[in-house]
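Note that chain A is present in both complexes that follow, paired respectively with chain B and with chain C.
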Partner chain A sequence: MNNFVISVANSFSPSPAGRHKGDGPFPGEVFRDSLLIPALRSNESVTVDFDGTEACGSSFLDEAFGGLIRQGGFTEQALRKILHFRASRKSYEAKVWKYIHEAGLAS
Partner chain B sequence: MKRLSDKRKNWLDLKCDQDQRRSEQLARQQRHPKNSKNSLRNTTVIVSIPAKLVAELETHRLKLLDVVHQMSRALQNPRTRVKLDFSKVERMFPGGTLMLLALVQLHVELYPGRIKASCPPGSLPAQLLRHFGFGEALGIPLQGNSPRHPDVINWEYLTDEWADGAKVSALLGKYRELINAELPDDLYAVLTEGITNVRHWAYPTNCDVPHSMRRWWMFSRYVEPPKGGLGNLFIAIYDIGVGIPETLSAKLKLTEKVVEVVEKVTGSHHLDKTLLAQAVDHKRSSTGQTNRGKGLPEMKEFIQNTEGGRLYIVSGHAQYSCVPAENYSGAQKCHIAFPGTLILWSLPLKEKDEHHE
Partner chain C sequence: MDPFLLQWLPALIAIGGWVIVNSQNNKRETRKEGRAAADSAKKLTMEAAVLGVAYLKGDRADSFAVKLIMEALEVELARFPLFNQGSRLMGRYVDFDAAITGGDFESVVQPVFTALSPEVRKVGNARNQLLSEIEAQFKLHYC
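Coming up: the complex of A and B.
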């Protein structure tokens, strides 16, 4: 199984912030649409590596990952099979899956 | 008959001279009312800045708001200039200083060239105004006022229209290098949430704030520890937008709309307190969408996880305070409307954990 690794710090920004395209230079929407969705559609497995980034806020995380359900058309079940995380901050993975789950409930 | 003392006699002579000069001036004005020099001369109104610049305590905040009102009222007259007198300032705290300087900057933008400041040479206010880049606009000379005092150089100042994480990261990076203490892990997250909220909500399209001023301001100040202790980091974010209660008013329930109408008549403003508390406790958002409105609750959770930390949010007619060490969190009503929104964190720092280095 090929695993594609996205290093948020190296491929996007070590200091991402904001939700929508107009918020700032590196918001969640841009990360999702330009990096995350193309990777998820082209690979059997994708690992998002948060090491080297500042602690991302809820707006960034919710738009980037919750938006996979709302805008990207993914389901939580499908994402659970292909999306993985690498982060020294243990709370990250739980937070992201919470946003994905909430987006799934609301959709 | 009682004999006059020399002191009393001198005072009476001086008073007579003043009265005579005043009479002559009035007589001149009556003879030539249109050509009176006084009607053509610019006047300067001196506005005295209070001794303590504190925004999170209402008594001090009211004094700062009064300064802003005095400045605004004076500048309505096109022949009036304003001089901000900082000579009585004793203590400058991030929240109060930030709020005052942001509103001064707004007025400088609206009334260019009509506002100046006066500070004792070399004083902390003079150095701080130069340090923050306000010196040129307010007429504070560099000579003698270059920032050098530790209480000045440990302040940082940021402002922008965008939610640019790189600026916040650079600011936190300076403190990480400067101080031998650990910054709270989620500090970057809550600060960027604060500036993202400004971007999303503070300035609706139809608000009166000039486009160039639709921004956020951030101050941070590190207070060095006394011998043997750990320092404290104070950070404030301010915007001059419409305020949190106003942004939530678009989603009022019917009963709340009735309350809003009644409060506009009675001037009681209890609804602002309720709305602010619900926003921080994540019981509602401006959009009504469940995935939004997480920023303020995230800030509260952060301070609850930061030992000894404090959080203050002032907006509209309300202030929300969270002081976990005192087991207190809740909103209070403010008697005077606060322009915009101020969020202030007080963060005791802890020693770096050497095992993780």
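Coming up: the complex of A and C.
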């Protein structure tokens, strides 16, 4: 199974912030649309590596990952099979799955 | 009683006493460390809530400081054994973080809230739940 790794710090920004394109240079919407969705659509497995990232707010995480359900058309079930995480901070994975789950319930 | 045993009995009692006292000392030290971790985590929780509410009420100068204090809080919480995926402590922390840095945090469209806004009250509720869980974790592991 091919696994594609996205390093948030190296491929996007060490300090991502905000939700939408107008909120700044590195918001969740841009991360989702330019990196995350293309990777998920063309790989069997994607690992998002948060190491090296400083202080991701929940607004960024919700837009980037909850937005996979709301805007990207993915389901939580499908994401649980292909989306993985690497982070020294344990809370990143917990937060992301919370937002994905909440987006799934609301859809 | 066997004379050989009688000869060694004082030493055995002394060793046994040392083992008991040492064990109690270790428990006491572990409890002190746990108390220090809980107090530090609670202090950071209160500070994060103050900064977070100030941000929501319009003080937008330093959103990065808000995120940094949340990270510092996570470092303290990670000292507890049960700060894992799926644990109550993790859940309370994630909810607290969402209350402060979720919504339209760092967005140009973020409105200014008042003290009575549901968004501000959500921070207070999440803070209280996290504080309670920190105490519960301390009692569970160190009492």
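In this text, the second predicted complex is superposed on the first by the 107 of 107 C-alpha atoms of A that agree within 3 Å, B and C clash if a C-alpha of one lies under 4 Å from a C-alpha of the other, contacts with A are read in each partner's own complex, and residues count from 1 in each chain.
FYI, contacts are C-beta pairs under 8 Å (C-beta built on N, C-alpha and C of every residue); 3 or more make two chains touch, one makes a residue touch a chain.
This one's a predicted model, so the numbers in the text were calculated from it and none came from an experiment.
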If we overlay the two complexes on their shared chain A, which of chain B and chain C does A:106 touch? Say first, second, both or neither.
first
A:89 contacts which: chain B (first), chain C (second), both, neither?
both
Quick one: classify A:25 as touching chain B (first), chain C (second), both or neither.
first
Scan A:98 for contacts with chain B and chain C and give back first, second, both or neither.
second
Could you tell me if A:17 is touching chain B, chain C, both of them or neither one (first, second, both, neither)?
both
Check whether A:58 is in contact with chain B, with chain C, with both or with neither, and answer first, second, both or neither.
both
Overlap of chain C and chain B interfaces on chain A (superposed complexes):
15, 17-19, 22-24, 54-60, 62, 89
Using the touch rule from the top, collect the residues of chain C that touch chain A in their complex.
63-64, 67-68, 70-71, 74, 78, 83-86, 90-91, 93-94, 97-98, 100-109
Chain A - residues contacting chain C, complex:
15, 17-20, 22-24, 54-60, 62, 89-91, 93-95, 98
Given the complex with chain B, which residues does chain A contribute to the contact?
13-19, 22-27, 54-60, 62, 66, 70, 89, 99, 102-103, 106
Provide the residue numbers of chain B that touch chain A in the complex, in ascending order.
162-166, 168-169, 172, 185-190, 192-193, 195-196, 199-200, 289-291, 294-295, 298
